[in-house]
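In the two assemblies presented below, chain A is common to both, partnered first by chain B and then by chain C.
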Partner chain A sequence: METVTLTIKNQPGLFLEADSITPDAFAGKKAEEIVDLPVYVGREQFRLGDYFEVSGNAGATPAETKIVVNGDLSRVKYIGMKMTAGEIVANSNADMYVGAWMQGGKITVNGNVDAFAGTGMKGGEIAIKGNAGNYLGAAYRGDWRGMAGGKITVTGNAGSDLGTFMNGGEIVVDGDVDVHVATHAEGGRIIIKGNAKRRLGGQMVEGEIYVFGSIDVMMPGFAYREDVDVDVDGIKGRFALYEGDLGERHRKRKGQTIYAKLYQRIEA
Partner chain B sequence: MAEYLIKNGFIFDPVLGIKGDVADVAIKDGKIVETTALSSPKVIDATGKTVMAGGVDVHAHVAGPKVNIGRNFRPEDKLFNCTPGHGIERMQGGFSVPTTIRTGYNYAHMGYTTVMEAAMPPLYARHTHEEMRDTPILDQGAYPVFGNNWFVLEYLKNHEIENTAAYIAWLLRATKGYAVKVVNPGGTEAWGWGLNCDNVHDPVPYFDITPAQIIKGLIEANEYLGLPHSMHMHANNLGNPGNYTTTLDSFKLSEGIKPNSKFGRDQVMHHTHVQFHSYGGDSWANVESRAKDIMGYVNSHDNITIDMGQVTLDETTTMTADGPFEHHLTELNHLKWANADVELETGSGVVPYLYSPNIKVCGIQWCIGLELALLAKDPMRIFLTTDHPNAGPFIRYPRIMKWLMSQEARDQQFDAFKYKDKVIEATNLAGMDRELNLYEIAQMTRAGPAKSLGLSHMYGGLAPGLDGDVAVYDFNPNEPYAPDDIEKAFSNAKHLFKSGVQVISDHEIANNGNKRTLWVNAKANENPQVMRDIKEKFLRYYTVTLNNYEGSGHYLRNPHVIEVDATQ
Partner chain C sequence: MTKTVTDVICPFCGTLCDDLEVVVSDDGKQLLEVYNACAIGAEKFLHSQAKDRITRPRMRQEDGTWKEITYDEAVEYTANMLADAKKPLMYGWSSTNCEAQAVGAEIGEAVGAVMDNTATVCHGTSLIAVQDIGIPSCTLGEVKNRADRVLFWGCNPAHAHPRHMSRYSIFPRGFFTGKGHTGRKVIVVDPRPTDTASLADIHLQIEQGHDYELFDALRVAFKGEKLPDVVAGIPKEKIYEVAETLKSGRFAIIFFGMGVTQSIGKNHNIDAAIAVTRDLNEYTKAAIMPMRGHYNVTGSGQVWGWQFGFPFAVDLSRGFARYNPGETTSNDLLRRDEVDAVFVLGSDPGAHFPFNSVKKIYDLPSVVIDPHETPTSEVCKVHVPVAFVGVEIGGCAYRMDNVPIETRKVVDAPEGMMTDEEFLTRVLARVKELKGV
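What follows is the complex of A and B.
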């Protein structure tokens, strides 16, 4: 694995759109070629080298390429967008769309991320060591194809609209989450180790939500079924199982109607 | 204005009957002229290239409120495909519901110069004209919808043809419309009661009239006025297995009616997107092609023209004034749905759709559209369309040309189907070896639609006196080519002239053109009763006054009025 280190040297006046910061775009390139990759500020195109010091050469393939990004990235969007392999470590807060439409590899953010991280993600892993913004693992605006595979972990809290239109994969939030969880979801698993607020599973067709803490208001479309023992993310506990959203259409499998499942821990 | 001499191209022109001979085309003062009329032309070398008249699209949804609903509720349709302005080109975006700017440019890149908006809700005529005004290069007109209009339902219930005609003439003038469009006659009005009209004898609630009465009455009123285009029809029961019988019943309503038009058309009914209306079987499990029955009828009745509505196997956005159909569709695919009611006039719905090669029914639909064209005896009466964006985006026309012109290309597509054998079993296409030639393509995309629209005095050919609309393609029909070369060449015209202005030069947009808006001013006899009815309905029912209804003045870019005198 070869490592390319980027260090931000100029903050953009607006926001920097840097979807070229991926192992896929870097692979096979030397530092002096990487500086020429395009980035955008508003409608203007710049070179990556206009905003970052670049050192080190990439590996021959995305899988053999690691990118370390240093400095304040809170105005940098699209880090790791559509990446298929390799690794990115961002040692800062990052702006929107980290790992959006990612297919493989790993992104670690040692800070907070803004909205739409992991949008439409199909595979790979995103580890957020701070808080996540709204629409984590959701679908792009208007789209019905949310996170379909891979894993997102958040050490802190997550914002609203977590996993909207989620179809697969897993999101684990160690802290609390804001309103709207797994809206319209048709699959996947969301584990919330802290507390949740309201509107969990609205129009949810299939998939699982686990909440270890409190839920301020349960959706009326979810019905309590039974208490069950669950082993989730290496933690055992007794959970109340709810099924819903009863107002939605539901598939049948072997004569059984498939509902979305919401588990709330009642004792550790 | 500049003079152009397009030299040594392979000409395909059904109007002059030229089938690939090498000749020159001369343009002067916006028109095609004899080469001897030029004094100091700019010479365009078309050696080894194909030259045709500008393309004419009879049926596409490119402007107006439902197109804009599609744009607004599908931001994902613009994802990763927006381009900034450069040179004289303006910013563009969108795939199946592109911006007006991209609509104009992409048609131009295909060598098209005239595009008709297929369904204008009269109440939103202003919006429709505003969007057409912002669509560069293309000459355009729009068809107001009549098939669920309360005036029409009330007049035709008693077969009042003269009153219906007077109302049509008034509405065309008020909305600056081009032709009489009918969408699911009676069915969209029934949808206001949560119902539909499934066949031509299924009565419309409250109005107590049948679709058959509406269809026949509107054909008669259209011929009473002698409009340039015929009644333009989207029949009942669209998109349902077994619907081919409804289609044949609808066709038959035109029997015995002769065209009364000074504009050179021979048909009294244009039936649109016939692919969606040619299904056998009684469920999605056993749906099958009935293209042979449909084309058997069309081939033996020359007072009908049709267009394909070819499925292109893309992700797209369906949109139609057939409100109940869109509800049916959202129940099928569970994707988002928009629905609108347009007061006394019509309704509409919008739903995204994925025509997947992995779904059997989509493969069958793909076959049916191509079968219609390959079974046609007279390519002057069947036009290449996708009912854009309903069966696919218009940018796929060159791909459809490839499928029509190459059995090899069709076989490649068959091989890409997940349920190839089941698709072949339910259709006829696999057994067809017909390959259309460029002359036939020019009939289906130029001369035929121009004639059907009553615009063969302006468009569709290269005869002196016609508009200077000429496309030059990088395609040498006399050299060996792969199927994909067809698609590539016809997607990207080398040069394009619109009304004598070079709008594409060497594949690049060179000029935003002087687009015109075509509308029909039909003068009918004074009809005090109809004028009184109009005043009364606006007073009692409409949410707007007449003054806020009519579209005129700045709403139209370069209006081009087609005058019709129907006074007697």
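What follows is the complex of A and C.
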């Protein structure tokens, strides 16, 4: 695997739209070709080299390309957008849309990410070593097909609207989450190791939510069923199982209505 | 001698009343009296006659004072500001006609602006929900003639849309509603005992910020499933009763306002409200309608929906339309320093935006087009006064139920004043020259 190292040298006056920072765009290119890839500030187009020092050449294919991005990326959007393979390591906070519409490969962010990371994600892996903003792993506006596959892990906390319209894949948050989790979800699995606030599983059709900590207010559409033993993400424990959202539509299998499941760990 | 102009359209709120009578002087230059309008609407007409009205553009000087400039100079400043910016914000658009909105959209396209209207701090969240799950709606005429279950959720028309209740929702006698208000059951959901709530048969004094839970509870109640004892501070017996009341009607209408669109959950609250309406249609006929504020905010969504495919928060900077509230909405752009110039027309962000956003407008090159002196004109570099749409110039406006109504001119604007459309057309021509297109 070949490694390309980018180091930001100029901060944009506004925000930098860098959807070309992907192994797919870099693959088969030398450093002197990579600097010519387009980036945007507002309506103006610039070269990647106007904002980044580029060293190292990319591999022949995306899968053989690793990109390391250094420096303050808190004003850089779209890192790893639509990538299909390869690897990106961002050693900083990053702005919106990290790994949006990602299909494969791996992104590691050694910092926080702003909103819309993993929007409409289909595959691959995003590891966020800090906190995540709102709309992590959610659907793009108006799309009823949210995150369909892949895995997102967050070491810190996540914001609101986590996994909206999710129908596959997995999101693991080590810390706490804000309101609205898995709204409209039709599948997938969300594991919250910290505390949750309110509105978990609102209008949820199918899928699973696990909460290890507290829930401030349970949705009225979730009904307690029973206590169960669960092995989740390598942790075994006893959980209270709730099913819902009773107000939402649900399909039936063999005469049984299939509900979304919400597991909350029972204090030992 | 005076003359009376009848069937005048009121350019104040989204109810767009069309039965006003205005008395003007014989020469059509003075507006003397307004009949049938609510206090706010009448004031809007009469304010055009203010003796201290600003009639020429002004530019802010170094020492903070204003200097009068010509319309030509104002056009030049505005066109240059927009053409020089990498990503200008063009905000407002709700208190003008569709014709001006269309010209504004053309400018936005030419300069790569972000176009946003007042829905961004109002019913934009409703538009997000509509895009997510659709909306079963109707016209206000249908409400007047058919509705026998009227639910006001998080809105207070007694003060915000003063004639809404008498013209459409509670009191009028319609074709199938001959008994007027006695034939209608009115439900109000509001944490406060408002004047609208005082007219209600049932007032659910909900715990503030728990609307989403109560909507969900209603859906559970419709299906006859079990509820927790108390949801959002309302006992379950009351929720079952309201669910039954709604189901038993012949036509239920839900009106909603800022209380749900801008409290926690925002678009999710409306999403759930629409789901309640959809569920109700399994038992009876039901519709839902946002109580739009500015008289033509609906029109601006219509114009942009037709031109760009999105009703607000349209980012044209890359040459194609992108839309993502949370990123491309005015307050997010201002708060995050994503824009480098601000153009405001037909709105007052100085009064309605958070202080941090207003401060950003103050720091940036900025122009405001507004007939009035407003908190926004206080923080902008250039203020361009224009003729009042619906008073001094006509044009198309959309009522809150998406019915287009042609507003009417009733009186002349002061000598030499431009209209929104005239000013924007001049700016567009100059922008095209500067851009060489």
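Everything that follows uses one rule, which is that the second predicted complex is superposed on the first by the 266 of 268 C-alpha atoms of A that agree within 3 Å, B and C clash if a C-alpha of one lies under 4 Å from a C-alpha of the other, contacts with A are read in each partner's own complex, and residues count from 1 in each chain.
To be clear about the criterion, a residue touches a chain if its C-beta (ideal position, glycine included) is under 8 Å from a C-beta of that chain, and two chains touch if they have at least 3 such contacts.
This one's a predicted model, so the numbers in the text were calculated from it and none came from an experiment.
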### Task
Could you tell me whether chain B and chain C fit or clash when both sit on chain A in the superposition?
clash
### Query
Of the partners chain B and chain C, which touch A:199 in the superposed model: first, second, both, neither?
second
### Message
Counting residues of chain A touched by each partner, does chain B or chain C come out ahead?
### Response
C
### Task
State whether A:208 touches chain B only (first), chain C only (second), both chains, or neither.
neither
### Message
If we overlay the two complexes on their shared chain A, which of chain B and chain C does A:223 touch? Say first, second, both or neither.
### Response
second
### Task
With the two complexes superposed on chain A, say which partner A:14 touches: chain B (first), chain C (second), both, or neither.
second
### Query
After lining up the shared chain so the two structures overlap, which partner does A:180 touch, if you call chain B first and chain C second: first, second, both or neither?
second
### Query
Can A:43 be said to touch chain B (first), chain C (second), both, or neither?
both
### Task
Would you sort A:141 into first (chain B), second (chain C), both or neither based on which partner it touches?
both
### Query
Can A:243 be said to touch chain B (first), chain C (second), both, or neither?
neither
### Query
After fitting the two complexes on their shared chain A, where does chain C collide with chain B, if the options are 130-138, 148-156 or 184-192?
130-138
### Summary
Check: chain A residues flagged as touching chain B and also chain C 43, 140-142, 144
### Of all residues in chain A, those that touch chain C in their complex
13-15, 17, 40-44, 96, 115-116, 134-135, 140-142, 144, 179-180, 183-184, 198-199, 202-203, 217-221, 223, 245-248
### Message
Residue numbers of chain B touching chain A in their complex, please.
### Response
73-77, 79, 84, 334-336
### Residues of chain A that touch chain B when the two form their complex
43, 140-144, 249
### Summary
chain A partner, complex, touching residues on chain C are 85-87, 111-112, 128, 131-132, 210, 212-213, 216-220, 222-223, 225-228, 231, 264-265, 268, 271-272, 275, 279, 317-319, 323-327, 336-340
